[in-house]
Amino acid sequence: MKISKDVKIDLYTRMVRQRIFEDETTVNFASGEMPGFLHLSQGEDAVPAGVCANLSNEDAIYTTHRGHGCIIAKGAEIKPMMAELFGRIDGCCKGRAGSMHFADVKTGCMGSNGIVGEGMRIALGTAFAQKYNKTNNITVVFFGEGATGTGAFHESFNMAATLKLPLVFVCNINLYAQMTPKSVHIAVEDVAVRAAGYGAPGVTIDGNDVEKVYEEFAKAAKHARAGKGPYLLECKTYRHHGHFEGDPCNYRPEGELEEWMKKDPIVLYEKKLKKEAVLTDKEMQAIKDTARKEVIDAVAFARASAMPEVEELYKDILA
Amino acid sequence: MKISKDVKIDLYTRMVRQRIFEDETTVNFASGEMPGFLHLSQGEDAVPAGVCANLSNEDAIYTTHRGHGCIIAKGAEIKPMMAELFGRIDGCCKGRAGSMHFADVKTGCMGSNGIVGEGMRIALGTAFAQKYNKTNNITVVFFGEGATGTGAFHESFNMAATLKLPLVFVCNINLYAQMTPKSVHIAVEDVAVRAAGYGAPGVTIDGNDVEKVYEEFAKAAKHARAGKGPYLLECKTYRHHGHFEGDPCNYRPEGELEEWMKKDPIVLYEKKLKKEAVLTDKEMQAIKDTARKEVIDAVAFARASAMPEVEELYKDILA
Amino acid sequence: MAEMKKINVQWAINHAIAEEMRRDPSVFIIGEDVGGPGGPFGVTRGIKAEFGPERAVDTPISEGAIVGLCCGAAAAGLRPVAEIMFMNFITLAVEEFYNQGSKMRWMFGGQVKQPFVVRAMTAGGFGAGPHHSSSLEGWFASMPGMKVVMPSNAYTAKGLMKSAIRDDNPVLYVEPLSSYTIKQDIPVDEYLVPIGKAEVVTQGSDVTIVSVGRMRLEAEKAVAKLKADGINAELLDLLTVNPLPMEDIYASVKKTNRLVIIHEAKEVMGIGAEIAASVQEKLFDWLDAPVARCAAPFTHIAFQPLLEKHYLPNADKLVAKVKGLMG
Amino acid sequence: MAEMKKINVQWAINHAIAEEMRRDPSVFIIGEDVGGPGGPFGVTRGIKAEFGPERAVDTPISEGAIVGLCCGAAAAGLRPVAEIMFMNFITLAVEEFYNQGSKMRWMFGGQVKQPFVVRAMTAGGFGAGPHHSSSLEGWFASMPGMKVVMPSNAYTAKGLMKSAIRDDNPVLYVEPLSSYTIKQDIPVDEYLVPIGKAEVVTQGSDVTIVSVGRMRLEAEKAVAKLKADGINAELLDLLTVNPLPMEDIYASVKKTNRLVIIHEAKEVMGIGAEIAASVQEKLFDWLDAPVARCAAPFTHIAFQPLLEKHYLPNADKLVAKVKGLMG
């Protein structure tokens, strides 16, 4: 598969926008201005970028408590996201629910989730509707390796297989679930082997290689769009920050983070793009500057947005 | 593996005792004397027999809504079982809970279950205790192919694998879950392939061949006793009766039952035992007569037992 | 006069679903055995034959995934009608009701609707034992963002099902298994029974009886017995337990000054607790006697017939409760 | 006088577990992250180091299997102490509490005991949003065959944990996350706080306040404010919500003739509903005012700080409720 220059730039841009958003969030949370509970995904940026570059607004995604990156990569507007994190009325969810409960339906972001694994069960329904309505669209559910221990993982994969739903399961292996290493959750090396138990393909890839993610996910999407049922794509990656902001990370072995910083997907891709003469340093910087400006504007937008009135608590409960 | 004559007779006797108990139950339920809801397992008799012949009272079993056979094969006394089915105070559970909630702790029968799949989650605990206490004992959980769709199946297998618990999963494929065929529940031919997803062995066998069950389960038990973790044994069999007593079975294709009646595990084994000169017709009849007498006595015992007083409703709620 | 037809509860539910499926192509049924055999008791029989397997979907045994699928499909604009079978199995889908379906609209700032129905049977009186006979509506009455309806006969079963399917929120529809075969004359023409309103079954001035689900049958018997003893009871069939039709109850209690609630669920933490607590708070000076509850004791339901009978509330127990208030 | 030591709620729980593990080799801890880091907030830190990995067991993310394992291990004679983390996740283990652990002993005719403890945090006030801040004890208060305790400070946290571990029934132990770091002087020597008894925190004659869990803190503030206004409130910290210590409440209400219940859970179908229903039934003629409830409204809890604050009950709201009754 030959990846075009446009796609390469697109992949890079998607990663950069995620990263800059998350880095800015880190700052605003640390300063105390942003309330709540935050789980960030710097370092895992290649997976949402590679996946979402294959999707349109009519395709749906579900993500996790660590979902900012996915939603940005999918194309949601950044201002309402930032306002949501600040708990403001112009947030994408009117400032009520925050980081773990993002949704932006018009771009197919059908929900983050605070309950590990549950996105998978709900994703069944979107995939079901896509098939029921005889569309060519697909649903993607992102989850971590910790989530593979849940009953939700199995029930969803099994049901997607028996009903032949256009649902792609994207598992981010970032080595930890909270503070606990992968071996506590999974007794095999690669979780992708489980797909065979449902008669579905399962593939394990380097989740820090954005082009690899792009190419491999394209195969998964093709499979799902062709009506062949679910597909499991396992992406090996790493989160640079703690489980949540404020996590001292003292469960990490010495040097582990440093090793992975060398494999930072953005750094790796910058080298490649330069080597391939797709982008110059300057051009890359321009992309970053644009993204940074967008994020800074979003923060300004969020700060300018009003706090919700207490009546908001009682709206939208029943339709 | 050479199976001794004693074991052969034992396997035969275990099957016969189950069958005669179930057949008698059919009659008493049809007459209206026995209350409640009944799920019988005639035709599946080889699986409990082959499995339980490898177990002692210190090994534990969990079974399902269709669990009489397992409990008899494990060695529980028949009188209190029959009294339980009649809802009498001398029932193994004091006549409160009936067929779907049998337990006989002294023989290691840790519970039937009315909730499909839940026996698996609870079985983890017994297996955990066996390991915690550094015993050499194991736990076996029986379930149907319908139960493989539950989150319980996956959570339990995964946890048994990560904690390396001495737990053997015995799946009875009887082609239906209630009225729905296997293909609705499982998208692959053999569920045993799922074991690989947990790094465990999975084996599919003819569940109507009692010696095969005996031999294959012996391997599973050895694996579990050796501290190697869970094992999945899939046994292909068939239930002669409906899902519950009273089920008209109109979901069965023409001729299916007849085909399987020819493969009745008891009939098959009788032929084999005769051919091998292990037992004569007369000796087999004597075993049946003994079993029948035992069951008839159990019915008399049940009938003679008192109904529980209403105070029973309020006993044993808290310890 | 409207044309009437005798029909039992099961068929009333069946017809309601089929009518709505004819009306609206976004309605489909899903669950264990709902397609082929039409569920273990045949409630959805014929649906697959008429509407095809795409709209009558058999699933693996995965209650959580069934309700999860409903949430996602509803957010995408479909109108699933799922079956969970015996209500005890809903323990496995509490998550999808509580954290997901009932919260989704609010959490997402109103971006989605959640129009789905989940059917579940209560089975007290059926001898099915502790894993198949529970009445768990109380948990779901504690959840804002969803509705819970409990039909009591063929008329309400049909009308509430049609309303539930047209509702844009998650609706738990609680079916009384032990009443499935009870027949009643109901209109042939289309009608709806509104969600959120109690039905005044009989007018009375001495005491208000609020019945929940199939306990209406017992309450009707009790009303007749009380009448014979000169006590005029007003009977309200609650029909909806979330949101609770408190205004209807208040209006009646203001008339009668006495209230007894009867339900098959346990007394402790049952719907009756919430009603009693609200009524005594709102109408303290109107009450001539404490609000009483006629409900199951704080223990488990047995398969054993005598124990099960003792466990369940009935007309006689209700009569005794009412008489206790008349003092 | 007994020797005292200042300790916070987290460490009180930690010490209680460690003491019981030293006392009884059948006690072990199990759950997500409980071993290595001692849980996400470090409540069980040090346990693995002292007792080894066999007795401090990290599991996959499988709440149902964790509680299921507890049922089986308890039936086999062990005494598991499991952690479910945020109470919202207990939706995934309702089955194991409701159909299994709480029924097993009764269903099996008394053949087994179910001595296990499950810890879960309520997190109102922590800004964690709708998937992490729920108070769901009401569901578990509806289940015979188990117990539910809700400590309110370091003293009760330690004493109730020790009692819970020694109890032969399933005990749901509800921890107040927002109070984890609040310190208190507690005895150095071993003590137990009994399950099933409310604590009389302050004596009073004008009104009884029953507080649940961490709302004791708000109630204590309210009592002080009321005192300043000449109202003598008697404060009962409920401590156990299943079985409800109703006798303790009745005794107090007979003295004060007025009752307000404060809890973090929603008012609708909360513990307060059951208490109010029972008290008005039992003590109808003793009450000078309706039983009032100070609890959360019928909506979802927000992560947004202003909305969350508005949602949660507090001392001021409680004072207003009490004054409403004094009329």
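Note that the chains take the letters A, B, C and D in the order they are written out, and that residue 1 is the start of every chain.
Heads up, the rule we're going with is that a contact is a pair of C-beta atoms (placed from the backbone, for glycine too) under 8 Å apart; a residue touches a chain by one contact, two chains touch by 3 or more.
Just so it is clear, the model here is predicted, and its values are computed rather than measured.
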Identify the chains adjacent to both chain A and chain D in the sense defined at the top. B, C
Could you find the chain whose CA centre sits the greatest distance from that of chain C? A
Any idea how many Å lie between the Cα centroids of chain B and chain C? 36
Chain centres from averaged Cα atoms put chain A and chain C apart, in whole Å, by 40
Any idea how many Å lie between the Cα centroids of chain C and chain D? 31
Going by the contact rule already set, what residues in chain C reach two or more other chains? 59-60, 62, 64-65, 88, 91-92, 95, 99, 106-107, 130-131, 144-145, 298-300
Each of the following residues of chain B touches two or more other chains, namely 96-97, 101, 113-115, 148-152, 155, 158-159, 162, 184-186, 317
With chains as vertices and touches as edges, which is it: line, ring, star, complete or other? complete
Taking the complex as given, what residues does chain C use to touch chain A? 28, 54, 57, 59-60, 62, 64-65, 67-78, 80, 95-96, 99-100, 104-115, 144-145, 147, 168-169
Chain D contacts chain A in the complex at 32-33, 36-37, 40, 58-62, 64-65, 88-89, 91-92, 126-132, 297-300, 302-307, 310-311
Which positions of chain B touch chain A when the two form their complex? 148-155, 158-159, 161-162, 183-188, 191, 193-194, 196-200, 229
Where on chain A does chain C make contact in their complex? 60, 91-94, 96-97, 101, 103-105, 110-111, 113-115, 118, 120-130, 132, 139, 151-152, 155-156, 158-159, 162-163, 315-319
Quick check on the complex: what are the chain D residues that touch chain C? 88, 91-92, 94-95, 98-99, 103, 106-107, 130-131, 134, 136, 138-139, 141-142, 144-145, 243-244, 266, 268-270, 272-274, 276-278, 280-282, 284, 287, 289-293, 298-300
